[in-house]
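Got a structure here, written out as structure tokens. Questions coming.
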Amino acid sequence: MNWMREHISKPEIIASVFWIIIKIVLIYIIARIIIKIADKTITHMMVAREKSPIKIDRRRSNTISILIHNLISYTVNLVAIMLILGQVGFNLGPLLAGAGVLGLAIGFGAQSLVKDVITGFFIIFEDQFGVGDVIQIDQFKGTVEEIGIRVTRIKSWTGEVHIIPNGNIKQVTNFSTYNSIAVVDVSVAYDADIDRAMELLREIVTHVHERTENIVKTPEVLGVQMIGNSELKIRVIAECKPNTQGEVGRILNAEIKKHLDAHGIEIPYPKVVTYLKQEKVEGN
Amino acid sequence: MNWMREHISKPEIIASVFWIIIKIVLIYIIARIIIKIADKTITHMMVAREKSPIKIDRRRSNTISILIHNLISYTVNLVAIMLILGQVGFNLGPLLAGAGVLGLAIGFGAQSLVKDVITGFFIIFEDQFGVGDVIQIDQFKGTVEEIGIRVTRIKSWTGEVHIIPNGNIKQVTNFSTYNSIAVVDVSVAYDADIDRAMELLREIVTHVHERTENIVKTPEVLGVQMIGNSELKIRVIAECKPNTQGEVGRILNAEIKKHLDAHGIEIPYPKVVTYLKQEKVEGN
Amino acid sequence: MNWMREHISKPEIIASVFWIIIKIVLIYIIARIIIKIADKTITHMMVAREKSPIKIDRRRSNTISILIHNLISYTVNLVAIMLILGQVGFNLGPLLAGAGVLGLAIGFGAQSLVKDVITGFFIIFEDQFGVGDVIQIDQFKGTVEEIGIRVTRIKSWTGEVHIIPNGNIKQVTNFSTYNSIAVVDVSVAYDADIDRAMELLREIVTHVHERTENIVKTPEVLGVQMIGNSELKIRVIAECKPNTQGEVGRILNAEIKKHLDAHGIEIPYPKVVTYLKQEKVEGN
Amino acid sequence: MNWMREHISKPEIIASVFWIIIKIVLIYIIARIIIKIADKTITHMMVAREKSPIKIDRRRSNTISILIHNLISYTVNLVAIMLILGQVGFNLGPLLAGAGVLGLAIGFGAQSLVKDVITGFFIIFEDQFGVGDVIQIDQFKGTVEEIGIRVTRIKSWTGEVHIIPNGNIKQVTNFSTYNSIAVVDVSVAYDADIDRAMELLREIVTHVHERTENIVKTPEVLGVQMIGNSELKIRVIAECKPNTQGEVGRILNAEIKKHLDAHGIEIPYPKVVTYLKQEKVEGN
Amino acid sequence: MNWMREHISKPEIIASVFWIIIKIVLIYIIARIIIKIADKTITHMMVAREKSPIKIDRRRSNTISILIHNLISYTVNLVAIMLILGQVGFNLGPLLAGAGVLGLAIGFGAQSLVKDVITGFFIIFEDQFGVGDVIQIDQFKGTVEEIGIRVTRIKSWTGEVHIIPNGNIKQVTNFSTYNSIAVVDVSVAYDADIDRAMELLREIVTHVHERTENIVKTPEVLGVQMIGNSELKIRVIAECKPNTQGEVGRILNAEIKKHLDAHGIEIPYPKVVTYLKQEKVEGN
Amino acid sequence: MNWMREHISKPEIIASVFWIIIKIVLIYIIARIIIKIADKTITHMMVAREKSPIKIDRRRSNTISILIHNLISYTVNLVAIMLILGQVGFNLGPLLAGAGVLGLAIGFGAQSLVKDVITGFFIIFEDQFGVGDVIQIDQFKGTVEEIGIRVTRIKSWTGEVHIIPNGNIKQVTNFSTYNSIAVVDVSVAYDADIDRAMELLREIVTHVHERTENIVKTPEVLGVQMIGNSELKIRVIAECKPNTQGEVGRILNAEIKKHLDAHGIEIPYPKVVTYLKQEKVEGN
Amino acid sequence: MNWMREHISKPEIIASVFWIIIKIVLIYIIARIIIKIADKTITHMMVAREKSPIKIDRRRSNTISILIHNLISYTVNLVAIMLILGQVGFNLGPLLAGAGVLGLAIGFGAQSLVKDVITGFFIIFEDQFGVGDVIQIDQFKGTVEEIGIRVTRIKSWTGEVHIIPNGNIKQVTNFSTYNSIAVVDVSVAYDADIDRAMELLREIVTHVHERTENIVKTPEVLGVQMIGNSELKIRVIAECKPNTQGEVGRILNAEIKKHLDAHGIEIPYPKVVTYLKQEKVEGN
């Protein structure tokens, strides 16, 4: 409307209309170029990732590329349309103000939603854990069942499904990346011969290692971890396949108990020294 | 009002009025199209969901489509009206500023309300849990009674109703998706024969399995879970139908106790070794 | 003031004044219509609610309708006045900026107040609990005395009044909606006959049921809930009228104790096995 | 300054000056009216409150009316002055921007201050507690000494003064509104006659009631609250005047102990069953 | 620059320049007046405070007045300068935008600093505690060493200095305002004569009172506070000078122990009833 | 560009250009003056601090002055450049909007960084603790190794280095400012003579004081701190050099133990009174 | 478009076009210069860091320089393009408003992401810990595996990988910077000779030191750390190589136990004094 405000002659009108059309075309071309470049970059990144040692499965990487493509494409087109309308002479104030208020409303009310999606994107992109991994998030431990863009589902070994919004994932502990260590603290009495007990334990765990597939290295007998109230605690550790430490621990428990018994080294009961007194008042 | 500001001749007034009318019509048409497209998309999404394996009941999906339709329709119409008023020459500044302040007020004061509704929408849409499922949210465990757009109602097994705003649902544990595991740790004395005890337990649980409908697989005797102060703990687990682990556990408890007794394997009491001393001071 | 800025002839002034008047009238009419529609909608909603199974008392629904009516009416009138002033040529910038700063101040400082009122409104509207219900909010349990628009008052059974701002109500547990379950765990010795004990308990609780009005169903004897250190715990549950579980539990406690005694099944004391040793050092 | 921008003739200047003066007068009158209406409303509300059953002392209600009057009066006058300056042609941008930044700074830095004052106002206005009441806020319990507009002072019974900003008052527990309940759990041995013990307790508490002014109703003997490890716990409750439950509890403790002793019902010591074994290893 | 935009004649230029000068002078005068009024108000408030019963030391009140004076003076002058520059025709947009961004940065990053200062100001102004008082803030208890405008320093009795930013002071407990209460719970055996024990305690504490300066009132023997597992707890309280409750408690402990011994009332050791059994399995 | 909008004659152009140049020069001069004044103020403050009793090392104060100088200098120059560009006719909207968005992004994302730096500045400026002091922040106790502008490094006595962002420092406890108090609670039997025990303790601690350099005052024997289950606890305190309380406590422990033994006052073992019963059921 | 609004003569058009071109060139040059200076500064800083004693590996410093270069380069170019478009006459309002809303959305939703990156940058730049260091963040302790720009990966000694977003790293404890201290508290009986025990311990630890490579200094026997219920605890500390305190502690435990046994100093069992009473009621 601006270009009608004054007494303007025909040629000037034509010039200005021509000028506006040029600007619109320019806006369109630039928008196209930005989207093209963005697409190229995404493809490039995804290809790079696929070649990396940590494999990211193709289906998931496709989901992400399409997501990013759509996001950029919608945003650029929207801005381009608004720029063009602005050139033609539309008063876009109301639209923008509306968008601003809406943006704020989204910002305030939906920040946890936005945070879920952003964190979800990074969990997938950084490959923090995969479906089938055993992980722990806060007190929730289990096997990953699904990594969604908004929530992650974990199935605990007792059958519950924990559904956790990604934005609430502060720390992740992944149990499936490396071999686990099974830790067994064996109690022996104060009067046991420490060196003989450790020697015996070494023999036992070596035998266990030979018969147990899940143990990947000969277990170590570390030494006297603690002098407790009634017993010495000798620590035995065994490197085993990921998430088999429970099973390996149970085997070690059983074998150590049996062999220590066989060699006459007992696991001590709690002990207490009692000083007996006959109460004087009620005498005897 | 702008178009009156200068000495403008008649034809120019007509031209500009005509121009304004064209823009208004354009705004109207675009608004219609946006709403139509949005409706199509919603219908499409809902149909897609209904075909998916996880059934979402029709009544609920209708609620959601109407909710989304209304939201989009009101927003688009409002923006269109404001754009048209802007073209006619209304000074919409006050209205917009008012909306902005109102938006902020809503943003600040009602962010938990907005968050409730958004989370509620996703709980329904992602089908995290359904009415009748046994779930746990924080310390509140029970059967889902109602999933509302703002609050979720859970009825605990002792009869209380927990009412939880959706925005406060940080993690959900769903107990009704998969079979549960009943875990029973059986204590046996240090001097019991571990292998015989485990063999006996295996027999017992197999018999229990045969007579108990809720157990879906022969329970497993895992091994020596822990060497306690006075006893060995042998772990027994039984896969059972969802949410029957309490009942199954009770049956296992009773049967194991009876049969161990019958075979002379006792559950040990806490033990302590006492060194007696006669107090010297008060002599004897 | 704008319309004076240029050399404008009389007819143009008249035209523009006429135009302004039309716009003012239009604003006035639209404002009236919006308020009318809002009122209709409120009345409609309230009537709908009153017909619903969960009765909402009339006085309270009146309070809410008036509250909402006033809110909408003030807002629409205010915006209309500002739009009219804007048409007449007032510079409303300062007013708006002032409103904006005030809005921000309210937003920041009073967000918990706004949140209280919004949550209060929903507690009443969704009928989460009513006056006289026994509810628990965080650690505060008691009978609801008053549900206000800003705070809720709960009277505990020991006589304290807990005053809780509605915005701090994160989860509500309502004890008055359904029947309660009284849970009694009965301890019996390891050497007791489990089947006989459970049979006996069943007889006892059936007799109790017959003589106790508050128990609505024959109580169930569930089984061996836990194998403790020195005793078996047999769980007994009794469905009773809401909030009578304390009383019912006490009756069950007394009756079960008396009858078990009468049948020679004793509640075991904690047990410990002591290995006596004479301390060597100080010899004998 | 705007009205000088163009070649304007004398009569037009006069007209526009006249127009401005009319607007200024209008602003002034409207400001007056708003303040008057606000004052009327405040007075009306205060009068209404004073007639209400819960008495609010006059001095405090005066403080509040003056506070609100000043707040409204300053705000309206400030806005009026700014509107007038805007009409005269001052460029108020800098002032407004300054106010905006200042408002933000206050908003961010002082939100807890604003919150203190708002909450303080509601504590006084809703009469949640009064000076002299015994209340508890979080872990701080004591007698209210002063309810200020920013902080509340509580004096604990051991002499400390707790000073709590009103904005930190999340939940208030008021002990002075209703009668209190003193709760005494009496332990009796497993082999005691439950019915006789309860009968005896009923007699005791009736006697205590007669001799104790603070007990307002005959105390009740509820029944067997819990079956503990070595004792039965019988619960006795006594309704007493507010905040006398400590004293009443002590009287009940002493009287019940004395009378149970007199009737041969003893309070049991912790009990344990000991299985003696002679340690084999070190023989005899 | 605006006033050059059109063909304007000389007299008009002169008129407008004259107009601008008048406005500048006006701004200057108003700024002066505001500062003067503010100063008067501060002086007035400080004088009023000094006359109040709770003395605020002069040095500190001076610090505050200067602080407030500077704050107001800088702000008013800054705004005045900006208003004047705006009249002369400077484009202050960049400056204002810069100030806005800076304001936001301060708002976000330094809100805890601003909060410290505001809270510090109120601690001093409301005289919540003074140097030398014994106070507790969260878990930090000690003697106040310094109340700064940003941090408060407390010296604990074991010599540590706790430095706490004022903004983190949520609740303050002041131990130095009123007399303290020393609380001593005396254990006596179940078979002790309660009335005689309380009578004896009354005599003891009266004697202690006479010989102890810090006790301000004859201590009270309240009664049987609790029936413990093996003992009755009789509560004795003594009002003493602020912060002497530790010392008074120690004196009471020693005196009560000595006198109870002298009168043959013993403090009971923990008691347990043991049922002896000969283990059958390993027989004898 | 504004000054080209109308038909303006040459002299007017010259006049306006001249006017612009004057304003630019003015901006430049004012910017210079502000920076100069700020520098002077900083130097002045630093000199004042150096004269204060609490020495701040010169290197650190230099760091701070340069930091502040740069901050002010960059800000003032930036604003000046923008003001000048604004006068010349640049459209700075985009730049400002960009700065605003950037400012917001920094505000939101980096508020903890800004907070770190601000708190760090105050820790240094207020000299809350120095390198070599033993301090505690939350659960982290150790010797300060480095106070940085963003993080503080503390070395614990077991060799770990704790790195804590300054913004997370809520409360600091400084152990190196004053002498410490070593607290030893000595247990004596109920039947010990309290007065004699305290007399003996006084002698012991006086001897220890004479032989221990780190104790700065004769330790005090405070009295009977607590009457425990089996013993009286007599509290002994010793003022010692900062952070030697551990060592002094160990010396006191050893000496008190030795001397009490020598004088026949024994430290009592836990005591229990046992009522023996022969279990009736299994009789004898 | 502005420059077409009026009847302007050719020379003026040419002049204004010329003026615009000059401004565009100026913007371009300034943008170039800013980027150049920024690059120089980065290179300078990185070189300075590489010379510092704490080595930062070259690959990482390259990553950071490129990151910063790109950030500055993109920002400056973007602003320059927008300034140029603004000069040519584009209406950039929509673009800017869009950017503003987008900025807000990022600000709200992604603040934790931005915080992660900023904190990550500082962890790398300040070299708080390096790959291979043993650190603890909250409850997660392990060896650093990777320090990313968004997350840090720690491998615990039992094989789990903890993935922690950098923004959640509040405090870091680094165990690899200095030698560690192994702490062993040796229990001896009350009647042991303290001086002889400490002398003996000194001999033992000296021998251990000679045979243990990881101990870097002769361990110290500090003294009687605590007088426990049944034993004296003598503290022994040994400075050892970082993260070997577990191993060294185990060696010390074993050696001290063996040698104390050999010298007849026994580690005491818990002790209790028992007063025997024959229960009167059931007499004998």
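Chains: A, B, C, D, E, F and G, in written order; residue numbering restarts at 1 for each.
We take it that a contact is a pair of C-beta atoms (placed from the backbone, for glycine too) under 8 Å apart; a residue touches a chain by one contact, two chains touch by 3 or more.
Keep in mind that what you see is a predicted model, and the values were worked out from it rather than measured.
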For the sequence-identical pair subunit A and subunit D, what is the superposition rotation angle on Cα atoms, to the nearest 5 degrees?
155
If I list every residue number at the interface of subunit D and subunit E, are over half of them used by both copies, so same, or under half, so different?
different
Determine the centre-to-centre distance between subunit C and subunit D, using the mean Cα coordinates as centres, and give it in whole Å.
19
Per the C-alpha centroid definition, the whole-Å distance linking subunit D and subunit F comes out as 35
What parts of subunit D, by residue number, touch at least two of the other chains?
5-7, 100, 104, 107-108, 110, 113, 230, 266, 269, 271-279
Under the stated contact criterion, what part of subunit B meets subunit A in this complex?
2-3, 5-8, 12, 15-16, 19, 23, 75, 78-79, 82-83, 85-87, 92, 96, 99-100, 103-104, 106-108, 110-111, 113-115, 117-119, 122, 126, 128-129, 136, 167, 170-175, 177-181, 183, 190-191, 194, 222-227, 229-230, 232, 235, 239, 242, 245, 271-279, 282
Would you tell me which residues of subunit D are touching subunit E in their complex?
1, 4-7, 90-91, 93-95, 97-98, 100-102, 104-105, 107-110, 112-113, 138, 140, 148, 150-151, 155, 157-165, 168, 186-187, 230, 247, 250-251, 253-254, 257-258, 261, 266-278, 280
